[in-house]
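Consider the two complexes below, in which chain A is the common component and chain B and chain C are the respective partners.
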Partner chain A sequence: MRRSGSPFTGVGAIALKEAADHMTSARMHMIMLLVILTALGAVYGSIGRLRDTTAEDAYLFLKLFTVAQDPLPSFAAFLGFLLPLVSIALGFDAINGEFNRRTMSRVLAQPIYRDAMLFGKFLGGLIVLAVSLLTLWLLMVGLGMLFLGLPPSGGDIVRSVAWLVVTLAYAGVWLALAIALSTLIRTPATSALAALSVWLILAVFWGMVAPLVAGVVAPVDPLEPASILNSFEWRQAISRLSPQTLYGEVTGILLDPAARSVGPLFMHQLHGAVIGSPLPTGQSLLIVWPQISALIAAMLALFTAAYVVFQRQEIRA
Partner chain B sequence: MRTIQHLLAAALGASLIVPSPLLAQETDARAQSELQGLWLTTSWPELKIKPGETHSVSLSLRNEKLPPQRASIEISGVPEGWEWALKGGGRDVSAAIVSPDSTERLTLELTPPQDAGTDDAHAIEVRAQTARETITLPLLVSLSQAEEDVTGLSLEPELPALRGTARSTFSFKVKVKNEGAEDGLFNLAASVPNGFQTRFKKGYGSEEITGLPIAAGATETVTMEVVPSRGVAAGRYEAGLEVSGEGMSSTVQLSLEVTGEPQIRIVGPQERLSGEAVAGKEASFTFTLVNTGTAPASDVELNATPPAGWKVEFEPKDIAQIAPNEAREFNVRMTPSEQAIAGDYMVGIRTSNDVVSENVQFRVTVKTSTLWGAAGLGVIAAAALVMGGAVMRYGRR
Partner chain C sequence: MSAIVLEAKGLVKRYGEAVAVAGVDMTVHQGEVIGLLGPNGAGKTTTILMLLGLTEASEGEVSVLGKDPLRQPLEVKREVGYLPDAVGFYDTMTGRENLVYTGKLAGLSRKAIDHRIDAALERVRLGDAGRRRVSTYSRGMRQRLGIAELLMRDCKVMILDEPTSGLDPQSTHELLELIQQLASEGITILLSSHQLDVVQAICSRVALFNKGRIGFFGTVDELAQQIGRGAFIVDVEAGGIDLTSLAQKADGVASVAKVSDGVWQVEATRDVRPELAKIVVDAGGSLRNLDLRRARLDEAYNRYFTEVANAA
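What follows is the complex of A and B.
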């Protein structure tokens, strides 16, 4: 029997309801409180640093995101570390939670398709993430204006908004991963643990794994300079499997207009180059465009996997 | 052996000593012929002076090979109504003591009254009286009303005409001789065309001066440096040097020949020294070469110092001739290296011939190709297609 109609009927309703549920949940409140507190600490530290050290800088506001005062990492580094936690908190029980509460069949008893259910869950999570990120961004800019006494320049705004969009894609990757695991695994606790271990491996241990694997695949021969480069490239390629690395590279280029490359640079490329001159925003975006597209594509691929698994599941439990 | 050496030395010594009595006799004879005594002298014992003005007559008292001599100085024969004073060391004196082999200088100041009759010669006698003798020095002073036309200064340029470019410094060395009777401070003044700068220096010194003291009869070298104004046209210019002071003045005419000189300047596209290029793609910029000098520049070569791996070509490769105030355009085609990273690079552009050279730094903002951007979009599109396929295949359940 061929069913008719759009598979996406009711996506909006589910997404908005899901977002509303998240916004009022104690879980979300706790985790956002954590994020906002750490972010405030990081910004306060960076403002202190900026007022002490920076003389004149065309991109002063971008430094708010990247400058760190010693015990605290920078705001961008905080987000790179904590955003996966927020996403996992939003998505780890998206599907299996519905089963456990026995609400899945009730929702699907409504005149909507299953597609709308999963898309709505994902979009609802993304809406919540977007709202939180925008709030954080406005908070940062406001604090910057308050303490530095300067309005952000046009270039600052464009670059930081682009960075915000990439941050959303990065959070989306982790959200898609958490939702995929929640469709695969029936117990919410197990799926949360699975998502957290993936996060731990990719965020914390990947920096140790990549050199190990690169050493095995392309061993360094001290007498052969080319092998050092080869090994380095392997290490970079392997570490780029982690979204954390990709996001770090995007941050480094977008928030530092003087940065010109993410890979190894050779002397002949630097001959005659004017070091420290800012790049046009479009050129900075072009440098990290592969990273950005990888993040977006990973988000889509993970979601598609979740979708395929969910569509083929037996849900009349 | 040793004794023989001693004998030889003794013989040699004897031969050297033998002529000594002869030498002693000679020096004695010379000493007796040398002068000995006390003299009162002046350089110009007969002189003409003008009424109403104070004139100084310098006297010197010389003691040659005598013990210190005290001499009382008396003046007699000064006409009625004249004022006079005898000065030594700036004070009125009437006696002097002269050490052996030295000279004391005294000055007799004479001031005839304004209405003194002219054309009379007055014999004035200066007497120096010591314990042993009296020395007299007769002076013959006459009055003359006529204004004496004594220049007393002579200027002699070493090289009266010099040649150079508008940027050279023309150094004229002029010998100034004070032929007057007195030491004096002389002012230096130059008359040069408008816009020319002048400096005076003494001899080879480095201090700039405005005047210099010259002793009577002495010669000093003055260096007059003339710097033409930058934009001066080629040609011949006159410069005058006037030295004046102590009632004397003298001028000398000097000449400068300024030759033309090419001077080139590179002007970037739209007067900017920056441009954009895409890595691995050729970009063309139109530069302008301007000759701001006063002579044509010929065979101007165009060169570039690009970053490694870049290709820079000029069209035309060189410029055969460019006249003063003429502008000539040339194209620079740059191909940044394929591996150039996005951002700014400096490319040096140099033009030179055997006379002049000029270089500028051209800042090229390298942009990378958007091909990889399209590839990234392709990856995203592929992911979206897979998702769409999944929706088509498994959708609507």
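What follows is the complex of A and C.
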């Protein structure tokens, strides 16, 4: 049966309202303050280190994002760890909050499809994430120029913008997860806890779980050198179930033009290569294309799950 | 007879094995105020959701203003306003901001929204409070804001779920007056409520939902007659006679009940006071009081659900 009208009617109004709500909420202000402070700390550390090695570094601007100075991790590592928190904060009560406020039936009684509610919530969250990431990126560029005294090259800008887009996709995965859980679970506190649990498992414990599972599935035989490689590949495959691993691999390749592989590098792969020479941005993107695709696929799969559950829900509150 | 705005035929809603609505037939005309009554779980809200296209009917047909809520939900929702029970608003936004948001969802231009909001808020006496956050609103103010939203959208049909629940008597009175005004302007109103005095005060007809069906659909007088009581109730006080058997002789008397010594309650299909007075006098009794009142919805409702519906 075909219905009249577009499922996107009202998406813009919902997305802008959601974005405005997030931008003005105390919850978001606190989390963004945390992100900005840690980012500033990371940048300060990396600038301090880069100043000592300015003459030796070929990709100075990009290293702003990846160089760490103990005890602080790099800016990219900070984002990889904290961005899921921001996304979860944006999405954990997206749908169940509407039910609890008893606004769902009133909003859906307006001339819109319920598709618009979910699309609008997701888009509103993505807008906030995009604005926040862009602000952080501009802050980094500005601080880099101010303290290092060097402007970024065109290539640096292209690479860092590509990395920014992938970072948005990474944040989108966590946003989609938080919205999916808010659709499945009626209590916002419980859905927040569920999302945080997934984050803890994938961000903190997955790095420990992957080698354990790989050790069981493909144990290393000391008499068989190929088993080391086999076990490593298993570990890599299992760890790639975590979006953080995928994001880390993309970051490593996109922000380091000299990097040529996310896994073990064999001599035959280096045939004809000038060691240390940068790869074109397109080549770097091709290397991590599977990771980027996986991040986008995970985001779409989670959003689809939320969509299916939401479409089947009874709207009474 | 005014135009038909809403028509449901054999409407059924099943959730797996459970049947929430088991075949609802209903025809509502323009400007009518219809009371949707019945115990919890009788199928009122599910029927409302099907009328709005918010849930899909398992069987049957619905037409709202000539449109199918399932195939043309946006067109139907553009004309039909729904005020849910204990309506929720975004507390951090002002009353005006809440209305601006729903105005945008309804596809109104910003100019039209601003113009209509002022008029709607004034009409529900929230002109001054419109710029305050909804978190500071009382229950009654929220209900009135909900009505203002429907007014802003210029709805032709309004579905109000328990609109007076939790309101003080003054607010209830004002809301009922407003609903009657809207009906007189040609707006059709479906009102779901457990407050039977409220329903009787403003509804032209009532629909009694029972076990997923409409057991009765008509006026309160018709309901009283259907359950074996007359629409006219006469309280008689007389001495020196026993009216219980004598009053049955009068044409139109449905039942006679002795309330206490010398006091009877006669239910009839018409005003039988002259006949009752004559019976008392002819029998040599002394007539002290003869009061006529119309059947009360709460009495008819209770009797319907304790006797007729349960027997069915």
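Note that in this section the second predicted complex is superposed on the first by the 306 of 317 C-alpha atoms of A that agree within 3 Å, B and C clash if a C-alpha of one lies under 4 Å from a C-alpha of the other, contacts with A are read in each partner's own complex, and residues count from 1 in each chain.
Everything that follows uses one rule, which is that a residue touches a chain if its C-beta (ideal position, glycine included) is under 8 Å from a C-beta of that chain, and two chains touch if they have at least 3 such contacts.
These numbers come from a predicted model, not from an experiment.
If you put the two complexes together on chain A, you find that chain B and chain C both fit without a clash. In the overlay built on the shared chain, the residue A:T135 is in contact with neither chain B nor chain C. In the superposition on chain A, A:G5 contacts both chain B and chain C.
By the document's definition of touching, of the two partners only chain C reaches A:I14; chain B does not.
Applying the stated contact rule after C-alpha superposition, one finds that A:L286 touches chain B and leaves chain C untouched. The wider contact with chain A, measured as residues touched, comes from B rather than the other of chain B and chain C.
Angle at chain A (Cα centre) between the Cα centres of chain B and chain C in the superposed arrangement: 170°, in steps of 10.
In the superposition on chain A, contact is made by A:Y113 with both chain B and chain C. Of the two partner chains, neither chain B nor chain C is touched by A:S197.
For the three-chain overlay built from the shared chain A, the minimum Cα spacing from chain B to chain C equals 6 Å. In the superposition on chain A, the residues of chain A contacted by chain B and by chain C overlap at 3-5, 113. Contact residues of chain A toward chain B in the complex are 3-5, 7, 113-115, 260-261, 265-274, 277, 279-280, 282-284, 286-287, 289-290, 292-294, 296-297, 300-301, 303-304, 307-308, 311-312. Interface of chain B with chain A (complex): residues 306-310, 337, 339-347, 363, 365, 367-368, 370, 372-373, 375-377, 379-380, 382-384, 386-387, 390-391, 394-397. Chain contact summary for the complex, chain A toward chain C: residues 1-5, 9-10, 13-14, 17, 21, 24, 101-113, 314-317. Of all residues in chain C, only 45, 49, 52, 54-55, 70-75, 77-78, 80-84, 86-92, 101-102, 104-107, 146, 149 touch chain A in the complex they form.
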